[in-house]
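Two complexes come next, and they have one chain in common, subunit A, joined by subunit B in the first and subunit C in the second.
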Partner chain A sequence: MVFLQIYGTLRMMLGGRESVELPCYEGDTVGSLLERFQAEERIAVTHKLIDDRRMLHTGTIILLNRRNILHLDKLETPVRDGDVLALFPPGAGG
Partner chain B sequence: MEGRYARQRLLWGDDRQRLIGDSELLVAGVGGLGATVCQIMARAGVGRLHLYDDGVVALEDLHRQSLYGECDLGRKKVVVARERLQAINSTVEVVIHEERIGCGFAVPGGVRLVADCLDNYEGRFALWDALPDGCRFVHGGVQGDRGQVLTLVKGESQPLSEVYAGSVQPAGAIEVSPYSVFVIAGLMCGELCRVIGGAPKLLDRFLVVDLVDLSLSFLDV
Partner chain C sequence: MGNGWHGKVLRVNLTDKSCTVEPLNMEWAAAFIGGRGLASKYLTSEVDATVDPFSSENKMILATGPLTGTYGAANGRYMVVTKSPLTGTIACSNSGGYFPCELKYAGYDLVIIEGKAESPVYLKIKNGEAELADAGHLWGKTTAETEDAIRAEFHGDAKVACIGPAGESLVRYACIVNDKHRAAGRSGVGAVMGSKNLKAVAVRGTGGVATADNAAFRAAARDTLKMLRQHPVTSEGLPALGTAVLVNIINQSGALPTRNSQCGTFDKAEEISGERLAQTFLKRNKGCMGCVIACGRVTRLADPRFSGAGEGPEYETLWSLGAACGVSDLAAIVHANYLCDEYGMDTITMGSTVACAMELYERGLLGDADTGMPLKFGDADAMVRLVEMTGKGEGFGVRAGLGSYRLAESCGAPELSMSVKKQEFPAYDGRAIQGMGLEYATSNRGACHVRGYLVSPEILGVPEKLDPEAVAGKAVWAKAFQDVTAVVDSAGVCLFTTFGIGIPQVTRLFNAATGFGYSDEQMMEIGDRIYTLERLFNLKAGIDPSQDTLPKRILEEPLPDGPLKGAVSHLPEMLSEYYDVRGWEKGIPTAAKVKSLGLA
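Then we have the complex of A and B:
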């Protein structure tokens, strides 16, 4: 299982759930996991995170085990059993 | 003046009060978060405050920036802030810097504690880059009815620019409620006092505040 933690507006879209456990299969990546999650939930989540060219949007950071996936292999970063994946849209103002 | 801190000394004791009085805090940005952070820390009795901002008070600031009023419109924020802070607590030394924090920024010597109250990522990353190793950095951010607080230590924690990699400033003015600014600023000050006392609770850990569903959550980084 991968533990998906959700924050901010994304949490509202998912009925207020703070986290979700997702089954993880051989060869799964951050991108494939999120796409499967969206298909199973039938909620348009990934368009908040990824554009049509599979580039990450800038309003939400995606952390895998505390590391921003932009410093890993982005959406192609492999995920494994027990990983913690967080979707966090930080407040930008001060 | 002996009784100024009486109520908080009951809470955290004389040792903590001395540590606060001996501390020097750089407040980056004296807008929404910064105006309230420097006010609370002055009331708490911090020894010296360095205030950085190059802005002037505008009408759209007044709904959330607690140090300013209509009579201050058009005046430099750091100048007004120093006046108000000295009226609140004349024992605090307030050093003002009319400067926008950006590339090439230099932290005054002796500063080992920073409150990041900036409203843009470019400034935040420049501020982080300028910190000396060991400097403690309490970050706050707010947008809409949500916000976050995070403590990092330069040289030990992940760099702020890595945590926020890829984040780009939203175009135009950022929506924000007046009360969310006060909540986040208050939480930042609680953490600043704990950092000064040697017991931070948000080291390498976001506290994510959502005033829409009234939730508090943690996120480790």
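Then we have the complex of A and C:
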């Protein structure tokens, strides 16, 4: 299983749900997990994180085991059983 | 004058009770814009850098920018510039809300306050007329009580900036609160106001701000607002969850300074997060005047122990009164945040000082005889109690009112103060975010996040993603962010707009408002000029380059947890590069640099 942690406006969209577990298969990537996530939820969610060209929005943060996927292989980063994927739509502060 | 500036300075001498109007030095306005830059030019020209911040020789300048009160972006900011009693550096704290625009609409670009009143007074400004009024009956009142009282006796629509009891008792991190919940927060500007016996500035202004080229300004404003309404951060992230959304982001990134920076993650971060705040006490979001972002949080406490309503807490406060103290009791944090607003205290330094006191207590460097109560990490009741004692100037609160550095120093352990130049860190660990460590060390007002917010590229990926662990190149980014921020602060624009717009948009608005034709490069040079001017003042004040450093904990103690476990700050490598990028020889601006910026 892969553990998705849901934050920010994405959590608000999903009624306050903090996490989701998804099965993990051979060859899975962050991108394929996001597609499966959307399919399971049956509502559009990935647009909060990525655009039509499968590019992360400026400000989107996706951490795989607390490492930003922008410093790994972005949406092509391989995902393995037991991984934790934290999803943050664009937000900011200071 | 019809060009963004009114061309008027109100000079208030509290000693002889005079209020006079003088023309704005337009040569300086052209070189330093307004707000932070222009007020810094006036302050550094009129005040000896070595003065005691609490002496009558220190001055305090309230400054709007040429874009303050216009509709171009989020243009509702004003600055308070003075010499800080916390750091001994130049202080510049800014605030939004409605007071800044009202001040501009009253017809002044700057209000210079000098001298010291014999007894408490407040300043009344009404459309170009100013006078001092007795404030004896207001002394001792909280900020909200003061604002209500002034509005009742002066003008029902007046906007008020005032100090609370903390400013009166010279808490070194007292702030100036306007519109009840917005604050010029850092560096103790409220204590300077208190030292002058000035309780409040109340303004009623019904004028406007003329722009040089109305059509060009309308077009620039339209395009800028469109960008802000389309950017995912300024159109959705900030309005929905405000700055508090950062709690989980920074914690997950291993950069949330916890228990006085003893670690970089807080296992109860979720309990003090923006998401949790939205589920509990948040009522709605709120904007400053004319703002399309509306990041403010209107909250109401519904808890058996506490009651009340107000605004916030912001991210920095959730951290300082929360994770920094090991406290996960959200209601207690919201309550303590309200107390800070009422007493008029900077929440960052307040919480950091409580955190430092907790570590001193747990190490046996403070005892019950000192504190009057147990003071352990995670004790929400003790945190609230110490905030209250500090605001009221009671017992151990008097020592806490000195800030963490002076407190830790008095216990023989100044290294336990998580501060630079005696001002406490905000909510980012310099070991986990290398550029922020450099930024803290080189900030002209001591540790600060809003002098060059490298969290934006290093963590948030705005405008582009940098590796927070990387060291190379961070000096260039730090200088660029510091200079951009100096320009934005001087124009009168909210820094949060820079998540969605950049210098080209600010320059376009500035040119249309003023009739100037500056390039983006010229604006950036102004940012460099302002930053260097502040640096020169600090050097004259005796703040030498050896103080461009970080606490031993950040430089030598590896992060014990989180994704960046084992990290320390690589400040020395970045600092030498930074000095080179700035044109500073061993931290001191060279004569050539000073001359090239027109500061000789």
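To be clear about the criterion, the second predicted complex is superposed on the first by the 91 of 94 C-alpha atoms of A that agree within 3 Å, B and C clash if a C-alpha of one lies under 4 Å from a C-alpha of the other, contacts with A are read in each partner's own complex, and residues count from 1 in each chain.
Going forward, a residue touches a chain if its C-beta (ideal position, glycine included) is under 8 Å from a C-beta of that chain, and two chains touch if they have at least 3 such contacts.
These numbers were taken from a predicted model, which means no experiment stands behind them.
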Report task. Figure out whether A:Gly93 sits in contact with subunit B (first) or subunit C (second), or with both, or with neither. Result -> both
Requested in this report: Under the contact definition given at the top, report the residues of subunit A touching subunit B in one complex and subunit C in the other.
Outcome: 5, 7-8, 11-12, 16, 18, 56, 58-59, 61, 63, 66-68, 70-71, 86, 88, 90-94
Query - Touching residues on subunit A, where the partner in the complex is subunit B - result: 5, 7-8, 11-12, 16, 18, 56, 58-59, 61, 63, 66-68, 70-71, 86, 88, 90-94
Query raised in the report: In their shared complex, at which residues does subunit A touch subunit C?
Result: 5, 7-9, 11-12, 16, 18, 56-61, 63, 65-68, 70-71, 86, 88-94
Report summary line: Per the touch rule above, subunit C residues touching subunit A in the complex are 231-233, 236-238, 240-246, 248-249, 252-254, 270, 274-275, 278-279, 295, 314-316, 449-450, 453, 455-456, 459-465, 467, 495-496, 499, 562-563
Requested in this report: Please give the residue numbers of subunit B that touch subunit A in the complex, ascending.
Outcome: 29, 31-34, 116-121, 140-144, 146-148, 158, 162-170, 174, 176, 184, 204, 206, 208, 210, 212-213, 215, 217, 219-221
